[in-house]
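After the structure tokens below, expect a handful of questions from me.
Chain nomenclature is as follows: A, B, C and D, assigned in order of appearance, with residue numbering initiated at 1 for each chain independently.
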């Protein structure tokens, strides 16, 4: 059992994280502070939350790339609903509306993919484009601020030692780990992704599971917006842009397979952490101003190395 | 005969004057191009421009620009307006180099082209509505930081929009030069992009404070970077220890100025900038504004000086706790 | 009577897969379903399982009419099916595979792991297997996977258990455990519909036998007193003819030489020679490594050791294009996935292997391609409306003809046919046999891999038999009998032991 | 002839949509549909069209290339740096194209030899290529190319833009290659069934590498045209272009699952996006609307395709 885990993808990514932390920590011990760990976790929280849903979608052999634009729309709607200068609704009502909206968009994605049989990458690409425009129109070129304290508590509050976003992320991770490993629903999602034909023979409701996965991803995007948008006093158009690329990359680095069936919540979470670490690590390495221009290249190289190394080692394992 | 000649002359004069007046009063279309549409800074400029258009009554104002700040899309808009035959295009170039060919082509087609907010190549426009040059802006931010610090010494960092943003890079160059010459004890330790993402700006500022515990100041030199950095300092509980300054609209920064996280916000009156731009556009179309002029009557703004081919707004503002409530944009 | 089908039929487009079958199955009996490949057995099973929707007729179970085309309804009615094709979930472990779709739960949603574990152990123990938890199914052996599939079916409290070729990859010991389990079930009143090509098993196990031929119901009768020959006669619809011919009229030069070819763990030290004009039959059980040898000779897999020579020249290992250039052609067993590009047209498939050689100056010559396609369609007697219809729309036999014709267009020197008549109706089968013989007579060196002993005996000049990755013997045409081949093919522990109770 | 047998349904519907749009535009504002306007606006589409051609072939093989925009930026920066280093502008353009080809070859090798899913490979190189472009150029623009070079982006032959002629030649060549060469047919076979293609002796790996290399080369060429038109090479050009390109190809009727698609469809897809976008911009002057209209167009086209056609090539 332990041996198998050590050979797993999760162990590989965890190892890479430890290696990065150890290397950067040696060069700059300040990297190892509790404060820094907390900040990294807060920054990773939206990614951790949405990765839960994205993992389900990818395990089912589909993909969702509309999350970033959806986040922008959710942030705009949230701002318009709660801020005093706009609708000024109570926080619970605004929260409810935003979450319903997010889940509703996810539902539409799911229905496009299943009922209308539009390939998921196309359906969600279309949704990404549409929502980007809608988000810009909603923001109308203004900043939105004046979030009430009760809403800001979602993003900057603490429960005991734990910051709220981290708490929410941990709760999502726990819930989805249980969902995927310990519930019939979760195992069925893996079954459908693993062998669609056999799933049909076993009478599993593949289409309904897909609709559910897309809806959950939408809902989680709404949750991620709630814990991240109020981190700032004012928000501007463009919130969440390119978030989908980050999440999909992280899930893939975490070991999910584009052909479905493989992937885990733990792996995706580790993938998010690894990618979140890189930018902070580069700052702590204090490479100087010139190196700034190479940051994106280093990040890209890191991703490339992670996925290539895994594929090569996996092939070797299969051949053996 | 002489009477007849005089009458004819008077008539001719009157007719030509009437002709000039008619042309001068004709409805014109002015296209106002921001660097990036959808940001509060440019929206407030547009509000000022709208006010000028309303006052003049004979200006149709188009306000449109790339929502992602892409210079390619900005150039495409200039080309489209040229084809549609607008009278004046006022450009805030998000990348002067990329936009220059399109602006030159527009001028060749007889469209009046001016720049505002940021300048382009001299050959690509006739006038520049100048609220401040890149050098002035960069130096103003450094000066504000130095003043806020009291003793201008220690480590400072810059959070910029993207590594490729032309205007930001121009300011950074000016800031570097000014730091080196005027405040040699202030050390610039890092320039980090936030990729136009507020949350990234927030996180980058957090990381900078931890990686450089003796950091004394952060410049947030875009409307996205500045509030993000200020929020990071505030949440870290280091308001007053790490000072943040930069460029943003006063409305976005009021909270941070009042709680002391930010002492100075550098900007100009953006409404006035938009207003002046449309006034200049109208005057240019009417042939009232010609090269060599030394002053320009800008409606409710009064007279503004003209230096060469630049109309100067000349009101670089520093918002502080004392005055920020007087502004609403 | 437990289950009854009335006039059950299924058509796919113009192809009638099943025609008006009326059969009844009794509670507590083992009811065997036999027929040649393509006789309609799989369609019949799929209809029972609710995977496909019948074109005509109805199924009733326990006196009530079953909702057609619904997996859920069939399951609810107590019909459990173990399908022949891979229906396992490779990424899930044995326990999840056993219970997915009908998981025992607590509080409505959470898996009851302890109960799953206990029940899984019990089910597998009943089949003589131990539970391998936590390892994805992909890492288990074929037999282990098969036992998991059977255990899955047994886990349902079913009234009718359908087993489709359950013993194809089981050892004798595992077969014994399975048969014991079947007997326990029937004693408890469960009906078992048993589909197999292994006639000995059927004679030993079944109470009654239903025979299908070309989609039609031939007969249903008691198994007692039947012989293998009776069953074969009934399936084939004719006396088994005296087949075969002697040695090739003029054995030619060695075309293909395989020297000590090994690829762990599939096959070891394989050596043989194939001459021009000769047909070698390669017999053995499924999983003996025959297809893997073919793939290595063809360059699709890279062998660990050994060499392949065509006309005396060694082929670079693992290079399909070099093998094709040297004149080797392979008609693979899995023609739907490896042999043909189903959505493409008949014409395109027929020229796929010769595309480059038909082109001039890098440009396709459509007229030349059309000529080649027309020639092969005529030579192979392919029944299709035109070369422009997708291969997908053709019947299995005609698809196979396209798969073979594609290679004949390339004028190969060595032709390897892997299960050339699987899933093909009797008429097309005879045509393919005729073709193979005439090609050999024309000097083609041919290797035929087949599990159908009649086919091997009928076609081959020489027969090689493989067992567990090695060549266990060679039989000349004169010496070969079904019994001898089987004796060489069966694992060393007594071959028929599993059949006796 | 049965309706289902007609192979050009998608193209026909798309052409009808474009025609309807142009008629509507002519009614609203005749200047928009004038030859002069259309020629002038056409310069906005050359990079998109150029990249859509190889993308069509890649998607036909069931692959995808998300890195084209970044490869284009890297090519442009290499071009600029070579020119700055004293190379002749045309030689510099050749350097840029070679850089693009190398980017594509890298993708191709990872896909064909390491057998990593193309979506994953190019997702990673999407970041990596742009990062290298930023790194080697330090984010600075490079301009000041000679007029003899800017002809590539601005010049015309008999009233037709030179860049347009290049794109038309490449699209025609690619269309013919797909329909009339062994490699072309092989790509469809690979898209439907790579295993059967290998078993038929098709050079699957070699074609895959060549295809991605070609995509990179076209990105290099697109970079040269862009630099010539805008007289600037910079690391941020072509940001987000990959999604536009994929949208155009899918709009043109190419199945994202591989095995089907035609260049003529892609050309119409590019045209549909271009004309829609330009007309929306022309008439409403709201950049925000562009995104919404294109997104709706994409989903509507795929839904229409579902209604009108059976999956054929």
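One rule holds for everything that comes next: a contact is a pair of C-beta atoms (placed from the backbone, for glycine too) under 8 Å apart; a residue touches a chain by one contact, two chains touch by 3 or more.
Please read these numbers as outputs of a predicted model, since none were measured by experiment.
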Q: Please give the intersection of the contact partners of chain A with those of chain B.
A: D
**Q.** Chain separated most widely from chain A, comparing mean CA positions
**A.** C
Q: Report, in whole Å, the distance between the mean C-alpha point of chain C and the mean C-alpha point of chain D.
A: 45
Q. Between chain B and chain D, what's the gap in Å when you average each chain's C-alpha atoms?
A. 35
Q.
Suppose each chain is reduced to the average of its Cα coordinates; what separation in Å results between chain A and chain D?
A. 30
Q | Where chain D touches two or more other chains at once, by residue number | A | 134, 138-139, 287-288, 291
**Q.** Overlap residues in chain A, where contacts from two or more other chains coincide
**A.** 132-133, 136, 293, 295
Q) Taking each residue of chain B in turn, which ones touch at least two of the other chains? A) 37-38, 67-68, 163
Q: Kindly provide every pair of chains that touch.
A: A-B, A-C, A-D, B-D, C-D
**Q.** Sites on chain B touched by chain A in the complex
**A.** 37-40, 42-43, 46, 67-68, 163, 188-193, 195-200, 202-204, 206-208, 210-213, 223-224, 227-228, 231, 235, 249, 251-252, 255-256
**Q.** Contact set on chain D toward chain A in their complex
**A.** 110, 114-117, 119-121, 123-132, 134-135, 137-139, 243, 246-247, 250, 255-257, 287-296, 298-299, 302-303, 306
Q | Touch list for chain A against partner chain D, complex | A | 63, 112, 116-119, 121-123, 125-134, 136-137, 245, 248-249, 252, 257-259, 290, 293-301, 303-304, 307-308, 311-312, 315
Q. Given the complex with chain B, which residues does chain A contribute to the contact?
A. 28, 30-31, 33, 35-36, 39, 43, 132-133, 136, 139-143, 145, 156, 228, 231-239, 241-242, 279-280, 283-284, 286, 289, 292-293, 295
(Q) Taking the touch rule as given, give the residues of chain D at its contact with chain B in the complex, in rising order. (A) 31, 36-37, 40-41, 43-44, 134, 138-141, 143, 150, 154, 226, 229-232, 234-237, 239-240, 278, 281-282, 285-288, 291
